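So, here's a batch of structures to check.
Same chain, two partners: chain A is paired with chain B first, then with chain C.
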Partner chain A sequence: MKRSHHAEKSTGKGDPQCFTGEAGPAKFKVGERVRIKNLPDIFYTRCQVYTRGAEGTVAVVTHESPAPEDEAWDNTDKPEWFYIVRFKQKDLWGDYPDAYPNDSVQTEFSERWLEKA
Partner chain B sequence: MAEKHKAAPMVDEVSDFEILEAAVRELAIEKGLFTADDHRRFTEFAHSIGPLPAARLVAKAWLNPEFKKLALKDGVKASLEVGIDWLNPTGFGTPSDYTDLRVLEDTPKVKHVVVCTLCSCYPRPILGHSPEWYRTPNYRRRLVRWPRQVLAEFGLQLPADVEIRVEDSNQKCRFMVLPMRPAGTDGWSEEQLASIVTRDCMIGVALPHPDRKQDDKRPIHPAVHPIQHDHGHDHDHGH
Partner chain C sequence: MRHIDLVGQLQPALHRPQHAPYPDAIDHALFRAYMRTSHDVGGEPDIPIRWEEKQEEQWEVNTYVTCECLAWRGIWNAEERRRRQNVDLGQTQYLGLPYYGRWLLSAARILVDKQHVTLTELINKIEEVRKRHEKKSPR
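What follows is the complex of A and B.
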């Protein structure tokens, strides 16, 4: 049975490891402040609405992979770097209680969603 | 004469997703993508996996600082030491997930807890299937917004100076929590330590405790209201 090109590419390497080296240099570094863009997402996205427009700090530069907005349509031509970004709860929800100023949320973005804050 | 039996209540509705799954599965078998036996083997595998390998990974990390370093740097590589090969988790060639496991280390000042607000991303090869509550909109919507309240509902209340760090798993990384080793476990073996690291401890909604083990014996009580056999007075019930 002929497997899909994606299955053939990732077998024995893993996904996202099979895209290593395809995204060029990463644009952001750990510790950098970034803002989440509010891009259109008519068809598919994995960028949560609650992060749009918020500022956070790059916690981990994770791996290279096609963005889900492309991969959902089997487009794997342009892998991007992915970043785990850490937000203060207060910066996401204005009414988060002041009693817990250190509480945070982390989540992951492909590079297209980030801009320098 | 034998007593007339009334069946215990059953769920008899089939959801749209179950119908969709059956339709796609039957088409795939018809097309030759896999056989019915392949499907059965995978289902059997999927039902057999659980959180024990991850518990062993935690116990090993508590005992061996070098292994802990490896686990924090490369979760997929560290998984091999507890018998989990993310690249071939089933042992018969069927992949089951993305392959980037991240281990989140709790400290006295940081407590991690994992959620997937978009669906139900979960490190299945090493932690087994997610609990039902993990997949509910209730948990997924509320954990990022009111983490302290949700954790309190699980019985976990933490001081204000501990940072609760919610990890919203939304891409190809999968996450498990490496909780702190509790007091009262000095001199314990890897096996003893693994026995107190429950699934919930590795999702992050609970802390390991030396008195609570994965395989604790549970008392069996007789049912308060056992299933009733039909004796002709059904309409009298419920007053």
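What follows is the complex of A and C.
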């Protein structure tokens, strides 16, 4: 039986370790301000709509992997860096109560979703 | 109630008429609303959902293991599984079916899509099991 490209690549190494070193240099560093791009969202993505256009801070540069939009069709040719970005809740939800100005939320993006803020 | 009579009722409580619109009835916001991937629920207006503790049933555990084996054997990866069980099946089934029901359906679907079984074989097997089950526990 023919196994998926992805399964062959990750056997014995694990995922995402099997993509280490394939994405080139990371474009953003921890502490940098980034804005989430408002790219078309058709067929598949894991970039939440509520983050589109919002600005946040890179909290962790995590790992290299194909973006979900590619991996969901077993396309593993172009791994990207992934980042955990921290947002102030107030920057995501207009009516978030002023009583909690320090509340934050973190979520993960592949590099294509980020631009310098 | 026959299942065909239920289909027309599987819509949100608040909805706009949406039967075969003309192209100029779809503006950009409405198009994006339709294209929105059904698992991306963060920020949607909604009412609180009652949370209940529930132990996994045997068929749910079996379904989980089956899906993991499909990944292990290289039939799909976790992201393709999520696409199929959270998005491809559409909003109505995403909201309307139990969590592991969606896993099970997507496992059956990928075996058909990638031609590991034919839909005819799957239909015949389901029918065979249904008949066997009816003999054991007649209604």
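The working rule: the second predicted complex is superposed on the first by the 114 of 117 C-alpha atoms of A that agree within 3 Å, B and C clash if a C-alpha of one lies under 4 Å from a C-alpha of the other, contacts with A are read in each partner's own complex, and residues count from 1 in each chain.
Everything below uses one rule, namely that a contact is a pair of C-beta atoms (placed from the backbone, for glycine too) under 8 Å apart; a residue touches a chain by one contact, two chains touch by 3 or more.
The model shown is predicted, which means the values in this text are computed figures rather than measured ones.
In the superposition on chain A, A:82 makes contact with chain B only, not with chain C. Within the superposed three-chain model, A:43 lies in touch with chain C and out of touch with chain B [touch as defined at top]. Once chain A of one complex is fitted onto chain A of the other, the partner contacts of A:17 are limited to chain B, with no touch recorded for chain C. With both structures placed on the common chain, the touch criterion links A:103 to chain B but leaves chain C unconnected. In the superposed pair of complexes, A:93 makes contact with chain B and with chain C alike.
Judged by the touch definition given at the top, the superposed model places A:72 against chain C, while chain B stays out of reach.
In the superposition on chain A, A:8 makes contact with chain C only, while chain B stays out of contact range. Touched residues of chain A were counted for both chain B and chain C, and B has more of them. Of the two partner chains placed by superposition, A:35 touches none, neither chain B nor chain C. In the superposition on chain A, the residues of chain A touched by chain B in one structure and by chain C in the other are 1, 7, 15, 48, 50, 68, 92-93. Against chain B, in their complex, chain A makes its touches with residues 1, 7, 10-17, 46-48, 50, 60, 62-63, 65, 68, 82, 84, 86, 89, 92-93, 99-100, 102-110.
Considering their complex, residues 32, 35-37, 40, 42-43, 71-77, 79-80, 82-83, 87, 116 of chain C touch chain A.
If you check the complex, the residues on chain B that touch chain A are 32-33, 76, 86-87, 95, 98-100, 102, 109, 117-118, 144-145, 147-148, 160-173.
Of all residues in chain A, only 1-4, 6-8, 15, 40-45, 48-50, 68, 71-74, 92-93 touch chain C in the complex they form.
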